[in-house]
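Two complexes come next, and they have one chain in common, chain A, joined by chain B in the first and chain C in the second.
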Partner chain A sequence: MRKIFSIVLINVRQGIREKTFLGVAFFFLFLLGVSLFMGELSIGEKEVALRNISLSAIEVSCLFLVVLGIVNNFYREKETRLKEVYLSYFPQGSYLAGKLIGYILICCIYIFMASVLAGIILAVNKAFIWQFFLGSWGIFLKISLFCSICLLFSCVFDYPLLAALSTVFAYVAAEFSASALKITTVSNNAVTKIWMKALYHLVPNSDKIDMKYQAIYGHTLPVYFLGYVSLYVLIYILFAFSLSVLVFSKKEH
Partner chain B sequence: MSLSVLFEAKNISKYFGKSCVVNDVSLKVNEQEVFGLLGPNGAGKTTLIKSILQLLKITHGEYLYKAKRLAPEDIYRDFGYLPENFTPPRELTGKEFLENLGLSLRVASQTISALLEMVQLDGKKKVKQYSRGMIQRLGLATALLKDPAFIILDEPMLGLDPVGQHQIMSLIHNLRKQGKTIFFSSHNLSQIEKLCDRIGVMSLGKIKYTGGIRDFLVQQSSASLEDAFIKAIHGDA
Partner chain C sequence: MLSWQVSRLSALQKKTIYYVPSVKYLESVSGTFKPLAAEMMYIKGVLELFDEIPERTRYLINVFRAAVYLDPKLMSAYFFGGTVVPVNKDDIPLGNAFLEEAATLNPGNWRVPFWIGFNYLQLGDYLKTAEYYQKAILLPGAPVYLKTNQAMFYYKAGKAAMGVVYLESLSQTITDQRVREMLKKKILWLKNIVFLEGKAARFKELFGFWPKQINELVQKGLIEEIPDDPFGKGYQLDNDQEKNPGKIRSVF
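Moving on to the complex of A and B:
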């Protein structure tokens, strides 16, 4: 456990001091400014628009943090041969676990700070409701899941661009996973149905994790639902992490 | 000097596809000696070192450590490693990096301060503010953090100016005095001549010679290590 904690600490310290983290934070501030502007334009729906755009800004900017941060960090450690030093200290599983937990923690810190800032802005504009933080929790779950997917792609591909693009594609696919399920109900083709169903179960189901709708309109969710969603994400992360360890162990460093 | 064998490579071969990068390499490193692996660029030195650390899977052969088959736990516990062109996380200070890495081994804060003092490094500066020589000294401190029994240094003086090279050489010299076993690769003959008890000459993946420097000069009928080295690898380059 100490070995994992050691890598977590190095990654968190490095990650939150990097220019990527600051750059993404500035991008979020820009989006927050846009949300204020859009709120003013949405007559009669100002509060809803503010909450909606604020949560979307947190999610999009944090996705950038995952894609740029993890990929950049992972491949830089390979280039600078830091990875080799770590692997002379720790088993491969500990190294990858440390990286994954470290990046989930960085995203947690980022989402917390962004949510507090957005919450203050919403409160000033009389648009704050406590369910807003429910939306932030949903974003945290979704982003944690994509941290594990990004780590998996980083282990699979030798080129950072491929890993980054694949993560973005997986994110887009996950957002539209519900459409794959819809196709199975309307399509008459048996092969298409099987293929779409398999695809639906394979890609993360963002429609299940997403709590933005409830957060925007002030709906509450039952505790058991939150538990199920969190468990689903945890299982998916463990699955992606196990695959990452498997791929990483097959590769030469 | 003790002559008991600490580490042994037995008939190591490594292929990348059909290309043989390390070809039936056998060598022994005795306890408390400095062993220099000498070879031109592309000789397979780094591949051999990476395979010792199990970063690469060998195609044939085996490594022995303390007369037993080398296990990953031996590496985590006893092997210190400094790779070529190593750079630690740039946003951390030197001390933070060593402290965080040392956390896994319960290294005391005083040990880290002593290490930083030994490599003459200001641990409060961020790595991005370090010169290449300072980074290399931090790398050496990283390799020594677990108080290793076997230290592997891959081209430790590559890219350093003469002052930086001198500092690293002094540090290796001090480690030698402390009785550490050091295995280092280089293509710089004067460094090898000054530091090593025994050498291994490698070319095109094969070991051409292992033994003392004097014996090597006699074998090659040469007055200098440079002449002997060129004769040994003649026809390979």
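Moving on to the complex of A and C:
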């Protein structure tokens, strides 16, 4: 446990200092500026538009942080042979767990900071509602899940570009899985329907985790729903992490 | 120089295409970012409101329709699509068709039937106005003034008796003393009209023609005096007696 904690600490310190973190933060600030502009254009719906665009900006920028940050960090340690040094002291499972928890924590810090900043801007524009942070929690769950998927792809592929692109495609698949399932409901082919349903449950389902819509309109979600969604994400993370450990252990280091 | 030339040429090539993708398509490709896509469609509609667009009304209504299908709670999109875009009497039915369709997406909001009623008011169809205002009143959050305004639409539609029935049933549900006093006044106002219209009809039965002046009802002994008008300056026969024989109006 202490070993995992050490890796977590190293990753968090390193991750926050990295240029990727700063770059993503600047990108978020730019999107926040866009949200203010869009809010002015959205006559009669300024408050809703500000909350809506701010939450979307947090999610998109944090996805960049995951894709660029984890992949960059993972492959740099591989290229500089730092990984070998770590693995000489830390077990493989602890090394990966430390990396995953570290990056989930970095995302948590990022989402928290971005939400507070967006919350201040919302408050100045009289658009703040506390449910906004429920939306942030949904984003955190979604991004944590993609941290584990990004780690899995980083373990599977030898090229960083492939790992980064695969994570983005997995995100897109998760976003559209519900639409794809809906489309197949009109199909007469039973095999297609079963296959699509199986695929839908296999890929992460963003529609289940997402809470942006409720947060925008100030709807409070029941605690049991939040519990179930968090449990769903936790199980998915553990599943992806187990696969990552399995793939990682099969490779030569 | 080259940059200027290219800009000039590309400007010539540019032709704005006013196109709204299918709502189902937009829904499928926006994933969990549906509210954001709705917001973008809404802003697009607002920005294009003053553009010269072929088939402007249909096009803009389609833009706002896409917005409300993606986010059924985007109330301003209903407002713009249903009441701002239609600018003349020919377009208002299109606005109403959009609002009727959109009302199914957000059935609990009083504003949608209110705006439909408002459109009918612009068309001069007071009975339809009253019908939709009635629907709006039954929904949570509807303002009290909507409830009492109903009487005026029944009056304008020449259905004062319906207005009396409506207001009397409404007064049973109102506990606010000030509103009850106002309702009492409106009921009296409409009851007087119903009473005078009844007497005008009796006049027609007795003499075979409609009275030309309201005073004739007193002169022929059908009533002792013309009742006081609690709202207007007094009662009189409708100016257009050919169209509305025996109808009573207030002088405002």
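One rule holds for everything that comes next: the second predicted complex is superposed on the first by the 252 of 253 C-alpha atoms of A that agree within 3 Å, B and C clash if a C-alpha of one lies under 4 Å from a C-alpha of the other, contacts with A are read in each partner's own complex, and residues count from 1 in each chain.
By definition in this document, a contact is a pair of C-beta atoms (placed from the backbone, for glycine too) under 8 Å apart; a residue touches a chain by one contact, two chains touch by 3 or more.
Predicted model, so just to flag it, every value in this text is computed and none were measured.
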Touched partner set for A:Tyr213, first chain B, second chain C, both or neither: second
Which of chain B and chain C A:Ile183 touches, first, second, both or neither: second
Partner chain(s) touched by A:Ser88 [first = chain B, second = chain C, both, neither]: first
Contacts of A:Arg2 with chain B and chain C, given as first, second, both or neither: first
First, second, both or neither for A:Glu252, with chain B first and chain C second: first
On chain A, positions contacted by chain B and by chain C: none
Chain C residues within the chain A interface of the complex: 27-29, 31-36, 39, 42-43, 46-47, 71, 73-76, 79
Parts of chain A lying in touch with chain B, wherever the complex brings them together: 2-3, 5-6, 9-10, 13-14, 17-18, 80-82, 84-85, 87-91, 252-253
Chain B - residues contacting chain A, complex: 50, 53, 55-57, 72, 75-76, 79-92, 96-97, 100-106, 139, 142-143, 146
Chain A - residues contacting chain C, complex: 38, 41-45, 48-49, 52-53, 56, 175-176, 178-179, 182-183, 206-207, 210, 212-213, 216-217
